[in-house]
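We call the chains A, B, C and D, going by the order they appear; numbering starts again at 1 in every chain.
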Amino acid sequence: MSDGRNIGEVILNLEGISLAFGGVNALQDISFDVREHEVRAIIGPNGAGKSSMLNVINGVYHPQKGVITFHGQTRRNMDTHAAAAQGIGRTFQNIALFKGMSVLDNLMTGRNLKMKCNFLQQALYWGPARREELEHRRKIEEVIDFLEIEHIRKTPVGRLPYGLQKRVELGRALAAEPSMLLLDEPMAGMNVEEKQDMCRFILDVNDEFGTTIVLIEHDMGVVMDISDRVVVLDYGRKIADGTPDEVKSNQAVIDAYLGVAH
Amino acid sequence: MNWQFFLEVLVGGLLAGVMYSLVALGFVLIYKASGVFNFAQGAMVFFAALTFVSLVERGFGFWVAFLITFGAMVVFGVATERVVLRPLVNQPPITLFMATIGLTFVLEGLSQLLWGSQPHGLELGIEDMPLEWLSQNAGINVSQFDLFAALVAGILVSGLALFFQKTRIGRALRAVADDHQAALAVGIPLQQIWAIVWTVAGFVALVSGLLWGARNGVQFSLTFTALKALPVLILGGFESVAGAIVGGLIIGASEKLAEIYIPEFLNAPLTEAMGVSVNLAGLEIWFPYALALAFLLIRPEGLFGEKHIDRV
Amino acid sequence: MLYRDAGQFKDTYAADQQIFPIRQDRIGITLVLLFAFLVVPVIGNQYWLSAILIPFLISALAALGLNILTGYAGQLSLGTAAFMAVGAFAAYNFVLRVPGMPILVSFVLAGIMAALVGIVFGLPSLRIKGFYLAVATLAAQFFVVWALTKFGWFSNFSSSGVISAQTVVILGYPFDTPVRKYLMVLTIVVLMALAAKNMVRSSIGRAWMAVRDMDVAAGVIGIRLMHTKLLAFAVSSFYCGVAGALYAYGYIGTVEPEAFNLDLSFRVLFMIIIGGVGSILGSFFGAAFITFLPILLNTYAEPFAQAIGLQLPAGMVSNLELIIFGALIIFFLIVEPLGLARMWQIAKEKMRLWPFPH
Amino acid sequence: MSGRSPDTFPRLLLHQAAVRADQPAVREKDLGIWQTWTWGQVADEVRALACGLAEIGFKRGDNLAIIGDNRPRLYWAMAAAQCLGGVPVPMYQDAVAQELLFVLQDAEIKFAIVEDQEQVDKLLEVKEHCPQLAHILYDEPRGMRHYNQHFLHGLDEVQQMGRTHMRNHPEFLDAEIAQGSPDDVAIMLYTSGTTGKPKGVCQTHAAFITAAQSGVDFDSLGPQDDILSYLPMAWVGDHLFSYGQAMVAGFTINCPESGDTVMTDLREIGPTYYFAPPRVFENLLTQVMIRMEDASAIKRGMFQYFMEVARRCGSEILDRRADVALSDRVLYALGNLCVYGPLRNVLGMSRIRVAYTAGAAIGPDLFRFYRSIGINLKQLYGSTETCAAVCLQPDGEIKFDSVGKPVPGVEVKIADNGEVLVRSAAMLKGYYKRPDATAESIDPEGYFRTGDAGFFDGDGHLKIIDRAKDVGKMASGAIYAPNYIENKLKFFSHIKEAVAFGDRREMVCAFINIDMGSVGNWAERRNIAYSGYTDLAQREEVYQLICECVEKANAELSHDAMLCDSQVHRFLILHKELDPDDDELTRTRKVRRGFIAEKYQVLIDALYSGKSSQFIETQVKFEDGRSGKVSADLRIMEAKTFPSQAAKKAA
């Protein structure tokens, strides 16, 4: 899959991450890294701690142990705002769109970090604030064009079918022009056609913008197709890490996951 | 400092706290079973007390009036479930909360429309007099009435605890609090459970109404008992019966102590420091809130509340 | 039906993002404003101006403030009246104590004072949500009214605790008649409504709504939750504070702290529930509704009862009013949780699609 | 060039750019708003593109393939090719690679300008069979990052080269344009070819400008007009309206955002001038009716009442006839307020001054509907060979069953066999590399054989009944015009396509395709569950529904003395929708009767042998190129026929 793309240096390194909720261990001593421009998949059975992993990466959860190095900066915790400011985008397993807003406003919200005017300028809506709104609207339109959601631009997101909501959520993350994108089951609950579309979008994002992708996905076919390297988690532990082929032939993985009829 | 007076204030506060707990209990019951923060609890207290006292004044006997009022509370509970809760099922909790504010207004208007808005006295046969035995032996004045009210509240709480532990409906109610699906599995329709729990809360309101009414007179200000109970809830957590009781005691005691001692100790130095006359009297109106808030900032889920983790 | 929009295409983003993208709406709002500024002062009598329109506008401004906090940022508040009280007393004290203080500046400062108080009481919102927060705002309500009553300094040691607003003079021109007060209030309210609309259609407004709709996702996008929530408290309280100042200077004249009681907070809350949570226009609808309903009841309930041979007992109307308000709240929450503004929007949509149903 | 009126398209463009440099020429809904180019900007873009093309070797006489949706730059590419004396050859954008191949080879295409990656992929697929294809240019760079073939260029890049070229050779392009002659071929449009392979129709600048000018004069079109350009660029209709007439009259063409958003975009733009084939109007009407069925009873009642009023007097009022009762005028005004006006608004037709339909017969009810709600819909008659300009209906002289009077300057006569013959300045120069076909279609007197059968009525209006070659005879000797019958059937909203058989037979039988939208909705309202087209089509209830339609058509046919024998005796509903991808329809959705007859021979046999059902299995091609099989046991139903009413009247 990587022809034409240059997979670069390690940009995110996780070292010995452990996370517990009230005595329940969600993640235990997990280490792995993500290289620039690659598509990195995290797989594992339900409850393996995959979502928790993403939540640690962008600072929703704070691990009790371990260190995170992102773009050369080492820290114990990320904080969500800092993670976003450093270019980490994110979609959620259960769609987390802003239900009260239109598609356009959802995407514009995704660009909030890039908007610099203060609320007084915005209250006047004169000069800089207006210019800024129009400028960013243009950028957002490019995302809309990219994801082919022109026809629903002004629809409230709550009225959209599931598959489109997922696409809008991806758009919201893209609006911030992230350098790394965390996708939590982007294709869950989709039909074949929607999955194909979503796959194409993810690969296009990776390809056209050079965005590094970390994704959680249950559809093994998809994972094996599009990812460069795969981490396998089981009950909060890492049991394998490598290329799709290596992972596929790993006995621990077969026992824990692949062997189980799905 | 006069220790006997301090003890008097403390015990008085604790006993008043029991009365707060009683009102808070009404909130907790409904919150536990239906996730609704029932702002109308105070109005229910007022409605129950006013109905009862008006019936008694029209010549009904105590128990007859009690039963009729209870009947009215049942009707109210069932009607609320039908008209308000059922159409709003699956709405965000804050919507339901606002609906109960609406309910408060309806109930207040209705009570006064039916029975008029004059204050009434209510006599339960227990005098608000110091217990002689205690004043004579320990020199502490503790109101008989407060003791009686505390006793009633204690019996009610124990009764409810038994009800929750031992009866099928009680167990179902607890199940509902945890998980609506689970409750369905018990085989009791959710709507029925809500109606029951509102009825029980109505009963609690009736008892609180009688006790508060007998103490302060049956008048519109009874609705404010709900406002007194809110800090109790914050402190104790919305979901915990034990929290309501402990919270009530803490709020009751600290409120009374603050009411007496803060102005006493702070008025003079503050007046001196600021150069203008400072009088902190009447701070009991907000002091419990401040206390509860301060506590909340340390423990957002309350004394006995459960910690929630946002799953994303 | 008359709402025809074919051919109104947009060839710039500026045209697409204007407040009223449809030409008919632009004409409509222009007519309404012309009527309010030019016709009403001519045809309105003192009763209409002083007893109905001015309080309506002030309520609308307060509702606007609460709507920013509750409707847009999703933080329920029961302390609106307290912030209005801060505004009223702050404006009074600024004019009283700072020589040569221009009245409009004192309104702004009053708003800022209210905003500061708002920020203080908004601090708990960082840790607590929902009902807990609502209860916290109740604390603001009780504390502020208590403090204004207990500390004589705020009311310049007036024995009754009542303050009397000074005469409003702007650039040497006294605003002392109902018409002039009306025009002052109207101008301020219109400008502030415009500013509010501008905020909610900009990034700060979207940040508020994001926090309201899904705060975890908002954080992950890079929205600073603390900053956003506190700003909502500040801006909301600013609006309420100015509304309070106008209450004193444009409406009642003499004010006591008790005027800003919990009941007023509830009334403002009702305005936004009935008018429309999360809608600027809705704040006006709600204020109009809550202002006019009691007047209608008081005007017509008595004659109506007499006409059908009933003698209304004393207090009947006010109790009726309570019941109607309460029932309406429940009705709206069930039938149209987004209030009159949403109904208006649906009606407009229907007009655009007429004769089709959808 | 000054002094004489512009006589080639490049000169027309320069003229418009000089006269109205700052007025909008083209709009395209892109990135959420209507991006606008003025005539001045368009001329500049065209120059850059032309010079860029010259730079990569495009020369006088070369043919330039243009494939894609209606995009401004593709229109500009036409003008750019014409500037250099080349010939643009627009092709249908939904054609599969193999279909494109024929034209690419036939027209000896060296240069192609296409819309996007999808079209590039199609060309790459057949490129090895087109050795002469030297350069492919694409408008939309998305997805093209990894295409590194040297013969692929982005249009931006080419325009950039063109701008450099312009700086270095400022005189070059004007000289090229000056070399152009009105008698040069301006455009080559391939006919869809109901039979046989497509033929390239060569039209000169003079011919097309004449055709465009007469249309513009006829309806007084001017720079203030707006048109929505959404029909395939390869169709003569779009070329005349969106390119020819826009260049002549200087009005604005508006390109929709995408195929899905045409309706929304139509409403936003609200064109003043509109052109659509009947099926578009038909689909719109079907949608109107379906959407109205969901309305409340009061609204439906109101709608029906006022539509009745409109049917009674609407088109008469539109024609400014004096004989309309005052009461009807008042009712119509009321209806205009409550129904017609809003309806025009939601259809995006509020501002329409003139709308045309052509390309196939339009049902009288359909036609009447639009006219009666105040839309000045008219018919025109023409073909690719005649620049779509033979007959037009003048305002105020609208007849539902005629196509109007000959355009000034066009001579029309009827041959002995009933065929319509046309002679005018707006006529093809010839078929590309097909002197034989050219000779065959133009008679020695210079009349073009249209291939349509028709006649003039008493008022001098032309009435078309069918394709001349399709007109046959029944066994009884009566005239048999299958298209006429099929159109009658298709005028029912439930029937999407019909194929009639009856030539040299004793009775007429038909295949029917139901309209999924209309019948599906009908079924839903009756709680009839169905799994798809095949299932729904074979429902007893649906057969009953269609049978009623057929019988109504029969009743109407029985009134016409000439066509009374053409009543449909037996019919069946096909198990699959007829599809251009299966070669059953042409790209313009005309039925290929011969092909269908061959493919479904067993069904025809069953119809004529009196069977009540027949099993059939058919290969189908899906959209993604895979193929599969559809099979069904088809019912055959008898429809009631009626004795000749004309004969009765006579008796």
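Everything that follows uses one rule, which is that contacts are C-beta pairs under 8 Å (C-beta built on N, C-alpha and C of every residue); 3 or more make two chains touch, one makes a residue touch a chain.
On a predicted model such as this, the values are computed, not experimentally measured, just so you know.
Keeping to the contact definition above, tell me which chains border both subunit C and subunit D.
Per touch definition, common to subunit C and subunit D: A.
With centres defined by CA atoms only, which chain is the most remote from subunit B?
D
So what's the Cα centroid distance for subunit A and subunit C, whole Å?
41
Roughly how many whole angstrom separate the Cα centroids of subunit B and subunit D?
77
Would you mind pulling out the distance in Å between where the CA atoms of subunit A average out and where those of subunit B do?
Measuring from centre to centre gives 48 Å for this pair.
So what's the Cα centroid distance for subunit B and subunit C, whole Å?
So the centroids are 32 Å from each other.
Send over the residues of subunit D in touch with two or more other chains.
32
Two-or-more-chain contact residues of subunit B, please, as numbers and ranges.
Where subunit B meets two or more other chains at a single residue, that happens at 312.
Indicate the residues of subunit C shared as contacts by at least two other chains.
Only 13, 16, 216-217 qualify.
How about subunit B: which of its residues touch subunit C in the complex?
Result: residues 37, 83-84, 87-88, 91, 93-95, 97-99, 101-110, 112-113, 116-117, 227, 230-231, 233-234, 238, 276-283, 285-286, 289-290, 292-293, 296-297, 300, 310, 312 of subunit B touch subunit C.
Considering only the defined contacts, which subunit C positions touch subunit B in the complex?
76, 124, 127-128, 130-132, 134-136, 138-139, 142-143, 146, 149-153, 216-217, 262, 266, 269, 273, 313, 315-316, 319-330, 333-334, 337
If you look only at subunit C, which of its residues touch subunit A in the complex?
Answer in residue numbers: 13-14, 16-17, 195-196, 198-199, 201-207, 209-210, 212-214, 216-224, 231, 235, 278.
Considering only the defined contacts, which subunit C positions touch subunit D in the complex?
For this pair, the touching residues of subunit C are 1-2, 4-13, 15-16, 352-358.
Can you name the residues of subunit A that touch subunit C in the complex?
Residues of subunit A touching subunit C: 58, 60, 80-81, 83-85, 90, 92, 96-101, 105, 108-113, 115, 117, 119, 122-125, 129-130, 132-134, 137-138, 172, 176.
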